[in-house]
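In what comes next, chain A is part of two complexes: it sits with chain B in the first one and with chain C in the second one.
Moving on, here comes the complex of A and B:
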């Protein structure tokens, strides 16, 4: 199992967190909340968004038909969508089958306590009206959150 | 694995063939299928661009990655083929009996949702075959079975569409024989 990157998108189509590991051998390698990843984040968001709208049409309309994974020849994208419009996206290698528990842990045990229940952290990362149309730049900078994500995901990077 | 729909998308992203196999259930209009084909074409292009940096680095440094060997698709047995069956210009017992190389190395291959999974087979000439199945399994076995099935559909395409003098390249496929053969194969799954 290898994890390549982890992304969070909010309901305003903004990427509010990204972490990319670049070297499998070194768990601390890579970038956090990087400006260079802005374009990649937009592409990733667009890919998931368009596939989501396809899948919504394809399935039975009575039951929800949310997208779970997208696999390519080289990597696999796992998506967890919450009702509040938050997307947690994890890129892993193709061998990796089910990481929905990992995503649920990241949301329930890390994001909710350190960001949603933190009075000092903004709940909505778009402060102005013009940041709500996918133009936002604010990221999760919360130290506790960053450390918890690192502690939880790093052991899986090269496993 | 119940196949719900099979689609053929040409190299410019247009839908040239669609066939639904399951009765009842939710139906898409032909227009929605056209949109679906166009979107898939776009996503296939984007998915290649999104290759993680970690993979790009191992590729540049010349280290053989595990994923390089994974492009070989195992032969999954005589799926949807009967003995003593008319195989067109192919010889019995099957269209192919060995594992084959997947041409789709970095593009989109497999999507799973809560209810369905969608498989994409790409040929070297840019034709994309899409199968939508009602099983949402994530396993790599399902992917290789689907790729086997789609390669067989591609063999039918080579036989009954490309050898049809009335078929125009890149235009919608209207070949009754192709239609019949695909339906036969899927019904035997």
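Moving on, here comes the complex of A and C:
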């Protein structure tokens, strides 16, 4: 399994966390919460958003039809959406079919204890009204979260 | 068959069984919710202090203006949704406030902890635990009771280390205080983090004083908490806080002979003896 990058979007359409690995051989390579990735984040958000609404329209109305993976020729996008409007997005190679357990771990064992149960960290990363329309810039920066994500995902980067 | 079985049990075992049944019959609450409520105590104290000082300011203003504002507030509260300040912003306000206000907030935290401690010992006495004997309890066994049962009840774990000099000075070490679990600011702000989290240490301090007060050590008790380094062997997982906490409890057992006792003060550190909890 090779992981290329990991993203979190909140319910205000803002990217609140991004981590991109650039070198397969070096697990600590790449960027965290980078400014250069802003446009990529918007494109990725747009792609998932459009495919999500297509899925919803094509699905049976009684059951919710949420998107799980999107595969292209080069990579595969895995998405976990929560009821509170959080999207966890993981980009891996095409061979990787199902990483829902990894995404659930990232949400339940890493995001919830280090952001939701951390009283020093904001839970809503859009603090002003004008940041709520996809214009936010605040990122998850707390120590536990960064360390835990690194510890959990790094071994999988080049496996 | 059942009657002979119960006859075989000794009195102590019977009490043990009764205690176990009682524990199982108690209503249970969710651990996560309980922990979050404990953490919410600091924002509560800050918000109460804030609204009190706001009230004082308003008294100087015009009365009509006050009424006008009250009406406006009522209108704003009509809408659905949370209107208050988020908890992390309140905690940030504490970090920026002056010494006097900090002290007020910390006293509030201490008092809330005192109430909890006072009542939790009542609860533990009521539970009829056969391993506890509250009759002729001396100070050391009271402290052991705090380390084992009170901490277990409130934080789900025991105190890691208890030290005393047998003259009323106790050191209680908790290397993984559950209140601080998961608390973290940005990557390189540990110093600031510690100063912001200091009021959280006042809750256990208050609890200690509350329990001691309910068991007869009402006066002459002082308690201070400081951050200490965690020894290698006790280091926990990624969620546990990087610093341990040391509670220094001073109980003046014999206040009338206080003047004479101070001569022994030098032996305090040397005579310290540690107990496995």
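The working rule: the second predicted complex is superposed on the first by the 159 of 159 C-alpha atoms of A that agree within 3 Å, B and C clash if a C-alpha of one lies under 4 Å from a C-alpha of the other, contacts with A are read in each partner's own complex, and residues count from 1 in each chain.
Simple rule for what comes next: a residue touches a chain if its C-beta (ideal position, glycine included) is under 8 Å from a C-beta of that chain, and two chains touch if they have at least 3 such contacts.
As the structure is a prediction and not an experimental result, all values here were calculated from the model.
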Exercise for review: Using the touch definition from the top, say if A:122 reaches chain B (first), chain C (second), both or neither.
Suggested key: second
Review point. Which partner, chain B or chain C, touches the larger number of chain A residues?
Key: B
Practice item. For A:68, decide between first (touching chain B), second (touching chain C), both and neither. Key: first
Exercise for review: For A:91, select first, second, both or neither according to whether it touches chain B, chain C, the two together, or no partner.
Suggested key: first
Practice item. Report for A:155: first if it touches chain B alone, second if chain C alone, otherwise both or neither. Key: neither
Check your understanding: Taking the complex as given, what residues does chain A use to touch chain C?
Key -> 113-114, 117-124, 141-148, 151
Practice item. Can you check the complex and tell me which residues of chain C touch chain A? Key: 32, 35-36, 39-40, 42-43, 86-89, 91, 181-187, 193, 196-197, 238-239
Revision key, fill the gap. Listed in rising order, chain B residues that touch chain A in their complex are 25-26, 28, 32, 36, 39-40, 42-43, 46-55, 57-58, 66-67, 70-71, 102, 104-116, 118, 132, 136, 138-140, 143
Exercise for review: Could you pull out which chain A residues touch chain B in their complex?
Suggested key: 2, 4-5, 20-24, 30, 40, 43-44, 46-47, 50-51, 53-55, 57-61, 63-75, 91, 93-95, 97-98
